[in-house]
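There's a structure below that I have some questions on.
All chains are identified by letter, namely A, B, C and D, in their written order; residue positions are counted from 1 within each chain.
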Amino acid sequence: MSAVDVAAVVKNYGAQKVLDDIAIHFQEGAFTSLLGPSGSGKTTLLRIVAGFVTPDQGVVRIGADDVTRVPVHARNIGMVFQSYALFPHMTVMENIAFGLHRRGVRGAEATRRARQALDLVQLSHLGERRPKQLSGGQQQRVALARAIVFSPSVLLLDEPLSALDRRLRQDMQVELRRIQQESGLTTIFVTHDQEEALTLSDHIAILDGGRIVQEGAPAQIYEHPRTRFAASFLGDANFLSGPTMPGGIEIDGRPIKVAMPFETRGRATVAVRPEKMSIDGPGENRIPAVIRQIVYAGATTTYLLDGPEGLPFRVFTQNHEANLHPVGSAVWLTWSPAHTILLAE
Amino acid sequence: MTVRLSRRHVAGLLSASTALGMIGLPLRRAWAAETITVLNWQGYGTDEKWALQAFTKATGIAVQHDYYSSEPEMITKLRTNPGAYDVAVVNSARTQQLQAEDLLMPLDLSRIPNAVGLTPALRDNPNIHIDGKAYGCAWVWGYNAIAYRQPGIQTPDSYKIFQDPAYEGRLALLDDATNSVAIGALLTAQDMNDPKDLTAVSEQLKAMKKNLKLLWSSEDQWNKGFEAKAFDLAVYWSGASVRSRRTYKLPLGFTAPKEGAIGWFDTLGVPSSSTKAEAALAFVNYMIDPAFYVEWATKVGAPASANGSAMEKLPADDLNRTTHDPALFKSMQFMGPLPDERRQAFADLWEETKAFYAR
Amino acid sequence: MQGELAGGGLRQARSGRSLKRAMPVWVGTLALLLPTYLWLTLAIFLPLLGMLVFSFLTKAPFGNAKPAFTFDQYLAFVRQPYLIDVAWTSLRLALVTTGLCMILGLAAAMALKQAASGRARTILFMLIILPFWTNGLIRIFSWTMVLREGGFIDMVIRAFWPGAPSIGLLYSEPAIIIGLVHGYLPYMILTCFISLLAIDDDLIDAARSLGARNYVIFGKIILPLALPGLISGAVLTFVPVIGCFMEPRILGGRVGVTMGTVIEDQFTSAFNWPRGAAFSFSMLALVLVVFALFSSVLRQGGIAREDG
Amino acid sequence: MTHVARAFLLGVLLFLYAPIIVMVAMAFNASPLYAMPFEFSTRWFGALAGDAVLIDSTRNSLVIAVLTAVIATILGTAASLALERKRFMGRAILRILLLPPIAIPWIISGTAMLLFFFWTGIGRGFHAMLIGHVALAIPYVVLVVGTGLKNVRVDLEEAAQSLGSTPLHAFFAVTLPLLAPSIAAAALFAFAVSLDQFVISYFLATPGYSTLPVQIYTAIRKGFTPEINAISALLLGFSMLAILAFVCLSKAGGTLERR
């Protein structure tokens, strides 16, 4: 188990810049998610750490070793592929023991450790099956057991849950977190699913267009997204932009206060999470709006509203009491300046 | 269907299996003091096993073979394998071309004892004499004419029968440009080696389209086709017609029509690159030896020998002898050397005619 | 192959400490490609280059011939328009043969996958290849026995229906096509079968359980998976058939005139190598044009697939 | 469905074997011209036993075919791996370059080889034939193995590497077993291509060295006797026995199932 460091990594495919000056530290024992839409470069970054892709520039370190030019097989990584990539011509046990054999662990010792890994993923009874005979979730567990059985320095997960259905996926998230915590492996997890990233991670890095736009603890990123992209990719957000004024910005002639200090110059955009707003509630910042649509979901209700100049808003409310505002009613949207996040443009 | 199983059959089957089973073992070959290599069509006289054994026994010279399946290929092999061949069977129509490329050496016929019996029309034929030197020893001759199914068809007297509507779909022509042009030329009373009016030739050939069933290119194909009654009327080689009648008992008649047969003769030449000319000449001499010829002609079936005295050793009613009547020399034209341009013109004409047939 | 591997030793992988540098990727690629392409260069490309040069000469440069540079050989199609008919015959034969092989080959591969499994399947598979191991010439000659009037087919038919008229297919275009399909069908069956091996039977059962009809299963599951095999098989059929000459000669009789036979004649009887070579390269060009036309299909996984 | 499939398969086999049956039947027919009515005879087998040239050339054919299959399969599989799995400039051109060996009529390639080998001093004979045969078989191998490779997912090799395999070990441990049916089929193709090849062999044969197809091709002129049917029938019989033995004795029955 080691920390992983990526420094100043650049990767181009022809004229296309896939990764642009990436630097990121994956802390020892931590679960880090690389989150981003497809084409953001997150998979390329993972494959650079794995060694399948050689960066054009920059350095990759696993622990103290510079592994930038080290072939995959010499890096001591464990990896779970999106499609699991289980060897169809081997049994489950053979699959799991593969990495042990490559490390010179054979015979009874290999069997013992493979059994242990199989127990860890709770598939002890399926060791003699072939991968084809397993369900998707079971295959996923085998792939995980295979990747961790030889105690790799780092565990790389390439969207391993994306092929599972929703229910199984939630189960596996829990399982994955448990196993990661038990094994204490430095884990890098690639996903485009924000909920998954929030649930599982100690640390999240959001990628867009080959750059890391923001990284930090899940709550920290959620509460303080730095860009419009980060705010909209991780969770929902209402955006307001207007000319700056001392202490905030101006929308439709009304001041919107921002708690954090900033420079008063030109225009600025702020973001407000839908659950931080309330309808006709308390709050220093206020905007008039008309309710356009109501989405009732039992525990919560989502209001879609039209603000000044047709600006769309979205508000989540907990259904503490059943006083729904009817569609078409004019209301005040209110929220606190502390929840008004200034975005870097 | 008659099924007769005898001990001989079983023995044959067994020995063949054993032979195949031993395929892994290298076969022993006895090497004589000197070995010459002959370039020829396969199964064309020079490679008769019994003859070679007799020859080797008599002279101590062993003979091996390489084969060609077309004349250009023979020329190519001579060009690209200098020194590999000591005797080459060369159609006299090609001799001048080979001589022009210095691929043949002139032969001193006086050193070939059996040459005295050669038919003068062949021995001294201008096809093989250049600047007074002979670039080959006339070996065998034959002619292409009409074969027809018997009984059923009256002896044809003209190539016109190829266009006779009575034989729709019953004709087989030789797939050979020179031969086909020759037929067209003879039908229009032209010199078959240099017809001036190729359009007329082409028209004559195209008029055979309705009758034409197939174009044959090998004796095997001819025999199997005739046996299967695929055609009743055909161009055929004189020597092959003898084999078909005698060996395979095919019911055919063979005749030279009034326009004339299309004659050819093959020579034995010695490649200029041969280092074993002495041995080669010994082999040439053996090949025109009447004793060898009679055995070849009666045992196997052969074209007519260029050695008139050899022909005379055959019984008077021998099919081969009657088919190759020396009287033919009077009316028959031999295929002569063709300049490249004319050869190409013939080839183009035949190619176009074939495309017309195929439509 | 070796080059790529020399890069990292096993011991290093096990210790994970003293780390070796990886070979650049191109070294491995080159090592994989070089033997094949060197071999092809020696045996095919360089010799053919010689032929390509010949095709621009008036005559083959041998003996006393004084060849001159010319484009004439390539103009034969203009000067001898009947060659266009001949080329069309070749193209037609190739297209029909390839089409029939694709239909029969895919069907046979599916049947093979469905009708048998395990050892039985292996035996059937080998039985399909076996005829291939007899010489092609003998196979073609044997077909004359089967197809001719009073031949094998007629005998079989007359066994059931005495006095039936003869089928007498020999010496016709269908006879050529039968011979060609017979010669190339095993390629198609095999390549399709290899592709179909990837299909899980569960996949088809699953689709069926979801109510998919047979044609839907075929269109959505089998065909896309079989496509690489179909394409490879089509290449292995179409390309040689367009230059075939033995089948037309022996089975075609009067109608057996193709580019293959014309080229053979140029070499064996007309002795005009430059023209024979020019025809061959024209035909190769024709093949490439056909490939270009179908490249949208081929791009999904055939020989002409583009990079990227 | 299975009945339909079986019936269809039977039909295809009948079609494939129709001329083969005739070929074998004619080996036992007394007539040298394949004449009917059929008259049983083993004379051609007897004749074959005394025909050293035919047996010799059959052995040569088998030796060349086996060597061709081995060499072409190894080279072609390697090339196929690069063409399927690597990205590089000129890949499309390299693929196109596989076409000339099969597209150019044999007679042209044969003549071209004969001339080129003459000019370069490679000459004719066994080695020249082998060079020619392998070159002709390579495109078949590349195409067939390439087809199989499309079904072996790349991530399996990557997975093996991530588990500590060198690329070579990953190939042998993972790709090769999964690719085995395709490679076997490719080898069978290469073998068949070589065994069938008569034009190029014909040009490259030397006086003392020829192959069975060359014998057949040259024999056609005069008339090929059913001796050739006889040896073909024997070869076919031996192949069948070999296959049966192979299938029964080995676990190969499973190779086509694994995937």
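Here, contacts are C-beta pairs under 8 Å (C-beta built on N, C-alpha and C of every residue); 3 or more make two chains touch, one makes a residue touch a chain.
This is a predicted model, so every value here is computed, not measured.
Taking A-D and B-C together, the pair of chains sharing more C-beta contacts is B-C. The most distant chain from chain C, with centres taken as the mean of CA atoms, is A. Of all chains displayed, C has the C-alpha centre closest to the centre of the whole protein C-alpha set. For the pair chain A and chain D, the distance between C-alpha centroids works out to 54 Å.
Measuring from the averaged C-alpha position of chain A to that of chain B gives a distance of 86 Å.
The distance from the centre of chain B to the centre of chain D, with each centre set as the mean of the Cα atoms, comes to 35 Å. Among the residues of chain A, those in touch with two or more other chains are 51, 71, 73, 76, 102-103. Multi-chain contact residues, meaning those touching two or more other chains, occur in chain D at positions 34, 111, 115, 164, 166-167, 169, 217, 220, 224, 235, 259. The set of chain C residues touching two or more other chains comprises 7-10, 13-14, 25, 141, 150, 267-268.
Residue ranges on chain D touching chain A, taken from their complex, read 153, 155-156, 158-167, 169-170, 173-174, 177-178, 258-259.
Against chain B, the residues of chain C that register as touching in their complex are 59, 62-64, 80, 82-83, 85-86, 89, 141, 144, 148-151, 170-171, 249-250, 252-257, 261-262, 265-272. Across the complex, chain B is touched by residues 31-35, 37-49, 52, 55-56, 58-59, 62, 111, 114-115, 118, 124, 202-203, 205-208, 217-224, 230-231, 234-235, 238 of chain D. Chain B meets chain D in the complex at residues 1-5, 8-13, 15-20, 23-24, 27, 37, 41-44, 64-67, 69, 73, 76, 80-81, 84, 218-221, 223-224, 227-228, 248, 250. Per the touch definition, chain A reaches chain D in the complex via residues 50-52, 71-73, 76-79, 81-83, 85-89, 98-99, 102-103, 146-147, 150, 156.
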